[in-house]
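In the two complexes that follow, chain A is the common piece, with chain B as its partner first and chain C second.
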Partner chain A sequence: MTEMNKNPKPLEEALRNALRREDAPEGFALKVLAHAQQQNAAQEARRTSWLSIFSQPPLRWAAVAAVTICLVVGSIYYRNIQRQRAEGEAAKQQLMLALRIAGTKLQLAKEKVNEINTSRPESQPQNRSPRSRS
Partner chain B sequence: MPARPIADSAPDIASADFTDLVRRYQSMVFSIAHHFLTDVPAAEELAQDVFLQLHATLSTLKSEEHVKFWLRKVTAHRCIDYQRRRKLPQVSFDEAPEPMSPSQSSDPLVARRLQQFVASLPEKPRLVVILRYQEDMMPEDIAAVLAMPVATVKSHLQRSLALLRDKVTRTMGEVTI
Partner chain C sequence: MSTAIRKLVPLILLLAFPAILRAQDLKLPPGIEKLASKAKETVEVNMDGPMLHWASKFLSAEDPEERKAAKLVANLKGIYVRSYEFSDEGAYTAADVEAVRAQFRSPEWSRVVGVRSERDGDNVDVFFKLENEKIAGIVIISAEAKELTFVNIIGPLEVDQLADLGGEFGIPKLKTKPPSSKPMAKADKGEQK
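This part shows the complex of A and B:
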């Protein structure tokens, strides 16, 4: 039996020794950096190829025109909405006024009726028909 | 390799020098891959892929400790993926080569044999042993890197050490380490 076999510590030390870090192969970092630069270049190329659509004058003008049309249509739509809202508000105010006037008139009519009823309290029974008395 | 802050004035790792990170951690990543795969070209290729992935995701990492943890985790998972994808031949524990003659402790052959024995362990226990004895990581840290319970890590370690001890007993009976 070896010392390493009897005791776990020497085995663990031997493992630490066997599994210690090694140097990466020569030029490893340079290779990685070169690949990373290629990765960057590829990403940049993808980005610029997408944006290069707008480098052509007709497409650039088309994009400007599309944006302008969108803005104009949007502002017209917004104005219409605002106008409809204002009209609705005015109609609501008119309706409220009409209801207030009608309410006042009804109140006046009710007062008149009450006034008439209270001014002729005794004449009412004489006017009643014989049928209603029976 | 001691971790040191990349830039005192800029805590964001995104501003760190990628070159500096590669130079600092190349040995760690390459060694994990090499001890796992026991194949230098494969380990180099895998380590390169790990650093390229780091380059693409560096902006999402918050600190250098996070970078170190990330590198260990990605390297470990890529090692397993690489071995499964390439179907690298794994030497079974009993078929691991026997030494021709007893060796001395200072002999690099002993270290070589131990590397071969470690390489013959199953995937997960092998990674646990590599992270424990190469990186000197605690079982809790290994559990976090490999996303497994601490008890499983400890169990892998105990069983692996027992297997390795048995193998050493059978093959290097007279070796004194």
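This part shows the complex of A and C:
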């Protein structure tokens, strides 16, 4: 009981000790900044090591040439496909035209024969119409 | 010497003729090809087998007309068309047409339709090439007053496809007479044989 009276709030005291403000150790801020700089430098180094391939002129020109060749080949291929499609469409139109002409002429032949058949009555098969069938 | 050569010429032509027929089945005389210069409009279509198959790849399966065309040309070996439209009558002679017609007076060809119209001068001939009782080729020669057309379709064709050819492709189907009436081809068929 006497102990309690001597130090009535031990928990409060312990908390105060734990949460008391302390200054950062000397050089802490510098260490943090140095660490951040190191990380930035490492990232930059990684980036530059990849891009450094193109820092050499021959490789740079090779890369430009490769891209140009890809573009040229791609455009030629695309044009070729376009040309083939256009030629195919033209061939299709020709085919349809040929079939239409053939159909029209067959139709004309049918029509002429029908005209002859209708102009010749069944009862007078010998009478010749103005059209003669050879 | 010259008479001997003169006698040999028909023989040479006779021997060379089947080869010409096999090559394209329809050989237009040079005079006919020259008509293109006189014509107001000329249509010339030359499509051999590979060309036909290539063209048919571009036919749409969704379009009914093109679907029928694809079916029709599937087994064909060639389509050749010459069509000349003239401004005036008399641009070609009967002899020009007869020279073409004469090519099909052979046993392998049958003239199924031959119409001669004295009224409007329209003459139409349809020849069928039959192999094993099946149509293996069609030639249509249409000589109208201001229009001259030759169509040669080489390859197997079914009869229903032929009906399609006559009734489709933008042309309404013509109602034919009932079977009781005179058959259309009876008088002409076999005439050339």
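Everything below uses one rule, namely that the second predicted complex is superposed on the first by the 89 of 134 C-alpha atoms of A that agree within 3 Å, B and C clash if a C-alpha of one lies under 4 Å from a C-alpha of the other, contacts with A are read in each partner's own complex, and residues count from 1 in each chain.
FYI, contacts are C-beta pairs under 8 Å (C-beta built on N, C-alpha and C of every residue); 3 or more make two chains touch, one makes a residue touch a chain.
Note that the coordinates shown come from a computational prediction; the quantities given were computed from them, not determined experimentally.
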item	value
First, second, both or neither for A:119, with chain B first and chain C second	neither
Which of chain B and chain C A:103 touches, first, second, both or neither	second
Partner chain in contact with A:55 - chain B first, chain C second, else both or neither	neither
Partner chain(s) touched by A:23 [first = chain B, second = chain C, both, neither]	first
Touched partner set for A:95, first chain B, second chain C, both or neither	second
Residues of chain B touching chain A in the complex	1, 18-19, 22-23, 26-31, 34-35, 40, 44, 47-48, 51-52, 55-56, 105, 110-112, 114-115, 118, 129-130, 133-134, 136, 161, 164-165, 168-169, 172-177
Residues of chain A defined as touching chain C within the complex	85, 88-89, 91-92, 94-114, 116-118, 120, 122, 130-134
Residues of chain A touching chain B in the complex	1-5, 8, 10-25, 28-29, 31-33, 35-36, 39
Residues on chain C engaged by chain A in the complex (per definition of touch)	43, 45, 47, 51-52, 54-59, 65-66, 69, 72-73, 79, 81, 83, 113-119, 122, 124, 126, 138, 140, 142, 149, 151, 153, 162, 165-171, 174, 176-177, 181-182, 184-185, 187-188, 191
